[in-house]
Structure formats: structure tokens, C-alpha cells
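What follows is chain A paired twice: with chain B in the first complex and chain C in the second.
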Partner chain A sequence: MEKHERDHMRIVIVGHVDHGKSTLIGRLFFDTDSLPEGRMEEVKKACEELGRPVEFAYLMDQLEEEREQNVTIDTAQTFFKTDKRHYVIIDAPGHVEFVKNMITGASQAEAAILIVDAEEGVQEQTKRHAYILSMLGLQQVIVVLNKMDKVDYSEERFEAVRSDISSFLGRIGIEPSYIIPISAMEGDNVANVSDKMAWFDGPTILEALDTFKASPKDMSKPLRYPVQDIYKVGDKRVLVGRVESGIMKPGKEVMLLPSGKKTKVKSIEVFEGQKESAGPGECIGITIEHPLFVERGEIVCEGGSPLSSDTIKAHVFWMSKEPYTLGEEMLFRCATQEIGCKIESIDRKLDSSTLESKEDSPANLSDMEIGEVTLKLKSPAVVENFNDIQELGRFVLTKGLDVSAGGIISTRD
Partner chain B sequence: MDHIDELESKSIYIIREAYKQFKKISMLWSIGKDSTALLWLCRKAFYGKIPFPVMHIDTSYKFKEIYEFRDRYAQEWGLKLIVARNEEAIKNGMGPDKNKLNCCTELKTNALKQAMAQHNFRALLLGIRRDEHGIRAKERVFSPRNQEFQWNYKDQPPELWDQFKNKSDEETHLRVHPMLHWTELDIWKYVQREGMPIVNLYLAKKYPDGVSRRYRSIGCETCCNPVESEADTIDKIVDELETTTVAERSGRAQDKEQAYMMQKLRALGYM
Partner chain C sequence: MDRPFVVLAIDALEYELVERFGCKNLKQENYNKTDISEFSQPRTMVLWSSFLTGENKEADILAKGDKEMWNTKIETKDTFLSGFSNPKVIDLPGYSYDKKQHDEERRLLKAFFDTDDPEKKDKIMKEYNKKSFDHHKQVKDEFMKSLEGCHDLVIGYFSMADVVGHLNFGNTAMMRMIYEELDELAGKLRSMGFSLLILSDHGMMSVGKFGDHSNYGFWSTNFDVENRNYRITDFGTIITNNK
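What follows is the complex of A and B.
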């Protein structure tokens, strides 16, 4: 598969409620001429009907209730472009009740903007969102200190908040690529260089974003191909799925895990044809040399070392109103694997807004708590350390029907 | 993989996931460009043979080009086609000359409800996109609907790492949106790349007043207006969209009637 320069990037904007996310997005659209004609008129008209001044934030906060309450309920996506590329921008709600929406949005991003009100400084949700960015493995982060107009564009104030946020981010392993003083309302340092902060010689937000790289597809990792389903196509049995890492090629010696059966890839099947190779992210189908019994959830792997385990150490972020109590059964879902599980022990529990340790030997996890846990699965799963192969190093836990927690794997035993 | 390959791959993954999880599913085909692209993706996902029925909600007010296109490709692609109509409302004279919100509710939403009850589908694939309309930006890929077909957008399940919601008993069905991440321009680039057939209403033609127009978005003949455009080929449409700032749905009556009509329609179970 040839390397292709990506011309799109997905970014997420996160931060504490009222620190200016929606306003920033409105500003980005306005300054890059990315608004569809009619959209601004629609917003103006709606604002008039409601007897409110026109605000950029309304562009994103489309829903009626949101207009009335002035908060972003859910994560929304939309698009703007610079000379360099298109950006898909994911707005994520800052309100504490909506963290699961924020995670939904942020899990799709390749880069993040963390927005902090320069007047209010670092708040609870600033910290929680930053932690979630680190859990999601986001490396490209811009911190913007917003509402500089409200602190008279003071360099002193900027430095104070900058040092605060830097030290917090340091603790969770995030090193921001840029920290930029802005005013989304007034348009300072968003698309245009501010003439009110001569003391700052860094980039505008757009300049900073344009330096980021689309997440590189690493071809050098070993092949991992989770089987999604088995189709009968003509007289062929086709194992459909998505290459999560490495390269799929006909002739490759592979092992199906956790069953441990060995075989060879015979062909790569796509609609009306075959392919010579397929890389990460490609949805394909394969046929194999041996007539083995294969089910959804098995992983077609290369590489010798045994990879499956039924005991997993992980960090989980609980995001359900219904807490978890030790001993309760859940479903572990990682790629196409779905296996019953229990949390065997909660080795440490953290408050996600402070990252302080909570009680000793905890027996439950509640909404928005982080647990360092040991998971016991009913049968072995094929997993990786998050830092090696993200796609098999992250999972969700479902209790009942909804996703209750997201987790990343630190070690497997 | 280029950008279009990535979009396609992500959609195929979701389509296969929906079929694996629910089996008893259907796809809504309005014959417009988005759902025709979705149909195309389904054909690719299942190697040319879509294993579930494709449903057309027919208000009886569609353009004749839509009916022709539907019948031709349903045959050519070997589709199991379900045509869903609220016959009773049609017989009783429901039409856009009454009240537009009522008309959409009767001929679209209720026609869909009747068909869902009849066939008992557990999930419905829809070709909606996030960039279409503000409210659609809030959608999840797997989006539950309750017994009244309502969408509770305030309390949606989290969705991360392509792990989607399972269906619960309180819901009639799940809406599955494999193309949420596409834009209008992406669709046209895909049509162009794949050489996919498309209803010719999208291509500009000269009107008796000498002005050239085309439809950006199609639905019922009675409630769609063409926009001025010289784009009479797919290539020209792609060029046009690279530069335009006219909103896609600017020719659709639904969005204009009143400030929150689209939102009300969605909450009532409209696609």
C-alpha cells in the first residue's frame, strides 16, 4: 500500500464548561470562510427570535434546549479548511454530566485543543478532560488560554496559568505542543495574529494546527486481523475484517488466536476482485489454506510469542451512573472479541478531576472514577500493551447493554 | 489509503458490524445520492449480494426520475426491495398542500412505522451525514429509538473505538449511520471515483426562463426546489462544491417552515 499524504485531520476541542469551546469553533469557521451561506443567517434569525445577541457559539449549539440553557449537550462535528488541509472539528461538551459524550468525540480525534479560561484558570473539567486525552493516547495537544481580552491581555496572567496547566499536564504525561494566549470572542491569535499581545511570539491556532501530522500508519508492526464475520461468497469462505496493524499478504504464515491454529493466507478478497496486500485500516476479506473452523473474535496474527491471556492489568475510566461493585459480571469488548469478565481487584482508585488517590482497598467504581484494576476474563483474549498496538490495547466494558467504561491495557500476565 | 478509501473502509466496517449484530436489518433507500452511496457501500461490503431488504419510503409525491431509477437498479443489482407507503393517508388525500409537518409525519414517519411493525426489523441503516444539518451533527453511529420512535439525544450511550451499543428491550430498533463521517463533497468525489449511477435530477439543465438549475438535495417533487447551477456533469458538481457556500438543503422546504421543524421531525422519528 502506498503512503499517501492525508489532507484531512480530526481535532477535538475540550475544556471546562464556559471556557469558550463553541465560541472558538464559531470563530474558526468565520475566520476561515467555512460557513455555509444561510447558516449564519439562520443563527441570526434564531437569536432575534429569542431576543439574544448573535453569538458564534450558537452555530454549534444547534439544539433548542442548548440554546436555552447555553450549554453544549452532546458532541458535534463539523468542518473547516485552511490552505494546508481540511479539519474535521469535534466539539465536546464541558459539562460534567456529559463526559461520556466528550469521550465519544475525543476518541475519534488525532489532535486536541484544550481550552482554559485565562481569568478562571485551571478547573475540574480541565483536568478531567486532560486525563481523558492521555487515556485516549492523544499526543498532539495545543493548550489555548482564552478570554485574554478579559484580563487586559496581561502577560503576567498568561504566565501564571501557563505554569499551572503545564505542571498538571506533566503529571499525566502530556507535553503540549503549544500554549497560546487567545481571545475567541475578539479573534486574537485564532486565525489572525493579535496586535494586542506583542509579548507573545508563538503561532496562531491555525499555524499551530497546520504543523501537526496525521497519525502515521505504522506498517512495521506485526499483523493483527480480528475476524469480524464469515461470509460465503460463491463457493469461498471469506473471513471479513479490518487490518488493525501490520500487512496482510497472500502466502503469509499466520496463526489464529486464541485457538492457536496455524494456516496460510490464500487470498485477499474485495468486491469484484482480489488484492496483493492490505495495510492498517483496510476492511477486506481473506481466504485461508486450511478448512479450519473460525469464528468472529479470533485474531489472525503473525509472530511467534503467545499473546493471549485471561488476566489483564488495565486503567479503566468508569462512565456510567450505575457504579461497579467487585464481583459483578461484565462483557469485555476489544476489537471484535467479546468475553465475559469480572474486575478481580481494584488496585488503586483516582478522582479524575484531581488525580488524587481515593480510599484504600476500594470495592467499587463510580461515575468518573479511574481505577487501576486487574481484570479476570472467562477465556483468554488476544491483547497488546496500549503503547505497542493501540487497537488491541484498548477495550470497553459493558454492564447490561451500554458501554460503562473505557480502558487501556498496561500489562498482560 | 487516501481520504476516500478511509471513509469507505470505516463505513464498510460499520455495515458489517450492524449485520453481524442484528441480522434482521434493512436499509432505507431514498434514491438520493447519499443513500445510493450507502447502497453502493453495502454491495461492496457483501461482495455484490446484499443479504437484507432495501426499503423505499414512497410518499407518492416523488419525482418520476426517482421511480425510474429505483426500478432499474433494484433489478440490475438484484435487490430485495420493499416499497413502504402509508396507503390510507394517501387515499385520504394527505399532501403537502395540507400542513407540511403533518404531511411528512403521515407519509414518511408513519409509513416507516407501519413497515417496521410489519417486518419487525431490529436495525435500520441510514445514509445521513453529520454535515447536513446542525441537528444531525449530534447523531451517534448506533442510535437507539424507543417504542414511539423517539430519539433521546440528551442521554446517548458513549461510543468509542468502534464499540457500538447493543439493542435493549425498551427500543423498537436501532438506527445505524454508516456514513455520518462523510461530507457532501466526499459523496460526490466517491460518485465520481466509483462511476456510480445517480439520478439525473442532480445534474444542471436549462429551464424555460433560460436559467440553468440543478437539485442539490432531492425528496418529494412538491417540496424541493432546484438551485442555480451550471454543473451538468459529476466533475462540474465536484468543482462547484469545492467553492460554494450555498447550504445543501437550501432548496428543502422542511428546514425553512419554522425554526425547529427539522428537530421536531427528528424527535418524532423522521430519518
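What follows is the complex of A and C.
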């Protein structure tokens, strides 16, 4: 497990829902001999018993079922591996799910593969997904032009689609590291060099991924510890939460935001004991030196410069069929913070597909529109730039039980 | 002697899966569902006995009780087989059923559901599946050899889709693999030029990750017949008329 934490890279595969993401995932698993354990093992054994080959379609069935059962492969359970490292694939079945996942939780991707059907070319959904990558600041991007087998492995077709996608990506500030012609179904240029496209001398997907750099680990960042709850254990008051960045240690001088109260960490409490330190991703409890009144939603911080404000500028991706009209009340949810809010102004609105500005001073946001907005909160929230500390740089806006929008804080103005 | 009429009798071959997995050989030239709505439940022994005799045998079989029904051996004279001079019937419930094999499968199935221990369940399932695969291979060998003999009718009963399906129906990859195996077998028979009827007693439907009998069967032929939902008791006559 420790090896995975040290050596793995999280990648996201995005693109139009019919352009072959599942097949590519299946192919990556198949060609790297990284089949998910479990029932597939039983199928492999059964094939041996009956003297039948293990077919690619069986793996696709398996992945399909995992999705149907919500054992989605965005849960960081599934890995494929190269000689260099392990990769975790982040994925979601549909368009809206993808956008939600990207914004609400699965966005720690360090690299992205944008998949485009070479036959169909660049579609609206391709553009939307690419825009999200740009909004998230993902710089390590591979574009794969899939289904080359359907276009007779034509260099001319490759060049035409390559030109289209490059031009669009250029407009949104993404410069792909590689653009690779592949056939996920046939296994061309995924893990193995294709012998059907001699005109292409670039890398396979795996070779390209292996050139990417892993992000610096969150432990080198300032401490951020959103408080989930406060438990009374004997005579101790334990602040329960998860370390999102930095290192938690007893004796550390910390500030609770947004209240601004200062104190020291007294102890780190875990089940049946105490710890000397805890790093990013660890769920722990802490006690503090001073008997302060602390509530769920406060952030234990050390260092850095978190913003505590009731006015926040952000990019918002509206993903509800029900449009938003200026002034409507919603709930702003960021880490463990839940605060009533409304959008005070929509400063700019873009169509997520064409990226054209829609109106000068729009009064509403509709499904799949992106707004550069100013949010007004009922009380201050603690936020960060998304590229500094992701957990405090992204949020969702909810109306009732529905997630209406996801947002990214990419500026601190 | 002329080439034999061949019946591929497949327990629990599910119409919807034949379609889903695109099993062209199982579908042959004509295919449809069978109508078993006259039976109170889709029971294996009841349905194959009814196929053999051309009569609804539900009352007779159920009267024997749950255990004894598996000993049913209908005499040739009471079946459509009497119209053939040298029929070969491999493992068919109600006639030449390998009771020991199938008793063992039922014992393991019961043991699987009786235990709550996941490790034991896993072990039992593996043993259960393996038994079924081994049995499939044995029946297939015997079946293929019989086609070279001097029989005018060869019926081979294949239970793998039913047996494995009960515990693995939610495992699409496993079911696809089994249907591909059966489709390949059907393809072999078709290429050999026999008159071929493929028949199932009932299909299978999903109950969570497990499978239970669905209330229709499947038939297909490579010879001309009217395409409709036959009753399982109709097929003795269809075979006799097309031999």
C-alpha cells in the first residue's frame, strides 16, 4: 500500500461518452495484465477449464457491471501498472456524472487523457470536457484519436482531427503533450506499438504517461484540517476530521478559521490510542490546548494564506436542468463548511461547448453553462486557490438535495 | 444409415442472453420462445418429461415428491423416441439422467446458501462451477462420439448454463463465456449438416447476482417450421415429422 502511495499517478480519461473510454480502460487493464481481482479470476479459471481463450469482451462485461453497481472505477480501487509506476484511473459513466466527479471529488488527477473518435471528430462534449480540464489547471494532457481502425488507419484523417482539436485546445490554454492515433479495440498504440500506422513515430499511451511527473505531495503544503465533528470522549473534547494538506503534530501552533482563534495541538487521537503525526488523507481526531468553542466547518490551519471571506469569486459549472436566477438562495458546501449563499453577480457567462460569451450581464445560469461569478455567503468561509489546496478550492452549490453546480476558486481577487 | 436428427437440449438457455451475446449459431434459421405457461412453475424434470411424452407431466412428477422426482425414468414406449430405431439420449432428465452428478450439484448449491461464511461460499462456488465444467466436457465428448455412431436420433442434454447460472448469473463475463461455448458447439453441429433442433426447458432471469428459472424456454431449428411460440410438448411431433 505504501508503495502505491509513493508511486502511483492518478489519471482521468475524458471525452465524449461514445468515443471509447470504457474500451480504452479495458484495453489498458488487459494489455498491462492488471485485470481487477475477483470474479474475473473465476472467469479466467473457467476459460482454462473449458479450454477457451480469455476474451477482451469478458473484461468489458466486468467493468460494465462494476459501473452498474456503482463500484465505479473512480474510487481509486483500480490500478494498472507499467515498469515505471502504478496508475489509478478516475472515470465516471456519463457526462453529468463526469463533470460532478471532476468538480466535487475526483479532481486530484495529475494527468488527463482526452479521447476523440477519429471517425466522428471533435464533438460538443469533447469541448466541454476539455474546458473542465483547463479550468482545473491540468497541464499534463494526452489527446488520443481513437477508432483509427474505423478510418483505415488513415494519416490524412488523423491530421484533420488533430488540427481541429489542437486549434480548440489552443484557445483554452491547453497544449497537449502528445496527440496519439490509437485503436483501443484493436490495441494499437495503447500499450503496444501499432504496425498499422508506420507513419506515426510518437509514443504509445503508456510510454507517454510514463514521461509525466507526479505532483508534489500534499504533505509539503500548509496544514489544513477541516473539522467534521466534535466528540466528547471521557473528559476530552476531540475535533474529528481529515488532514487535507500538511502535517498535523502535537505542539503545533494553529489558527481556527474563520473565527481566528489561536491554540496549540495537544494530541492526535486515533482508535484506541494516540499518534505522533498525521499526514494528508488521514482521518484522525485532535485535542487542543485551549477550551475554545469549535464548530463543524471550521478549518484548523497553520501557515499559508487562506482567505476567510463572505465574498468569493469563482468559476461555476451549472449542471442542473433547473436554471439559476440571480438572488436565489442555495447552500455553499466546501470541505466540511456548509453556508447559505446566493450568486450576487454573474460577471461573465460562457457556453461550455463553444466557449463563446453569452451575454454581458446575464441574470441566470442554465444547464451546462459556465459562469464567472461573485458569491455572497451568509457568513465567511475559508477557501484557497484550487491549484494550491484542492479540497478548499472547490465547492458545490446545492438546492435541496440536488447538486446544482460545481465550482472552482481559481483566483483570489 | 442417414444422418441422425440432432437435438441440443440446453437447460436454462435464456432467450434474452442468446440475443444479447449475438449467438448466431444458437439462433439458427428459425428461433423463438417456447410457451410453458401451462405449468405452475418452470421445473426441469417436469418440462423435459413433458417434452419426451408430448403430455403435461406436471401432476405425475410432482406426485413423486421433491427427492423421488429426480429418479424418474420414462420408458421409451411412452415417448416420441419409440418412433426411432436407434436413438441415443445423453443425460436427459426423465430418461437417462446422471442422477449422481446432479445430486452432487444440488448438494453444493444447498451448502452454498446454507453457509454465511464468505470464504466457505467462495470455496463451494469454485467446486460447484468446476464440477459443472467437467461434466459439460464429458457430455460433450460422449455427444460428439455418438454423432459418428449409427443412431437415427441423438439428444445431448447440457446443463452448464443452468447449473453455473444459478450462482453466477450476475457475472456477465462468465455467462458470455458459457454462451459462446454453447454457440460454438451449435456451430460445429450446423457445419456437419445435421437437422438440428436446439431446445431449452426454460430460461433464466436475474435474482440479484444469482439466477432463477424464467417462465419461457427457447427453441431454434435449421429446418423450415412455422415460427411461433410452441409448447414444449409440441417438439416430439416436430422432431418426428422432420427426421
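The rule is simple: the second predicted complex is superposed on the first by the 293 of 413 C-alpha atoms of A that agree within 3 Å, B and C clash if a C-alpha of one lies under 4 Å from a C-alpha of the other, contacts with A are read in each partner's own complex, and residues count from 1 in each chain.
Quick note on the criterion: a residue touches a chain if its C-beta (ideal position, glycine included) is under 8 Å from a C-beta of that chain, and two chains touch if they have at least 3 such contacts.
The model shown is predicted, which means the values in this text are computed figures rather than measured ones.
Visitor: Could you say whether A:309 touches chain B, chain C, both of them, or neither, answering first, second, both or neither?
Guide: neither
Visitor: Scan A:337 for contacts with chain B and chain C and give back first, second, both or neither.
Guide: Neither partner.
Visitor: Examine A:272 and indicate which partner it touches, taking first as chain B and second as chain C; both and neither are also allowed.
Guide: A:272 sits against chain B, while chain C stays out of touch.
Visitor: Of chain B and chain C, which one touches more of chain A's residues?
Guide: More residues of chain A are touched by B.
Visitor: Quick check for you: in the superposed arrangement, does A:49 touch first (chain B), second (chain C), both or neither?
Guide: Both: A:49 reaches chain B and chain C.
Visitor: So in the superposed three-chain picture, is A:194 touching just chain B, just chain C, both, or none of them (first/second/both/neither)?
Guide: neither
Visitor: Which residues would you name on chain A as touching chain B in one complex and chain C in the other?
Guide: 39, 45-46, 49, 59, 62, 64-65
Visitor: Using the touch definition from the top, list the residues of chain A that touch chain C in their complex.
Guide: Going by the criterion above, the answer is residues 39-40, 42-43, 45-47, 49-50, 52, 55, 57-59, 61-62, 64-65.
Visitor: Touching residues of chain B toward chain A in the complex: what are they?
Guide: Residues 1-3, 5-6, 8-10, 12-13, 16-17, 19-20, 43-48, 130-131, 134-135, 137-138, 140, 153-154, 156-161, 163, 165-168, 180-181, 183, 244-248, 250, 259-260, 263.
Visitor: Quick one: in the complex, what on chain C touches chain A?
Guide: Listed in rising order, the residues of chain C that touch chain A are 125-126, 129-130, 133-134, 136-137, 164, 168, 170-174, 176-178, 180-181.
Visitor: Which positions of chain A touch chain B when the two form their complex?
Guide: Checking each residue of chain A against chain B gives 1, 4, 6-8, 33, 35-39, 45-46, 49, 59, 62-65, 73-79, 88, 100-101, 103-104, 107, 217, 228-229, 231, 233, 238, 240, 242, 269-272, 279, 281-283, 285, 296, 319, 333, 391, 394-396, 398, 400-403, 406.
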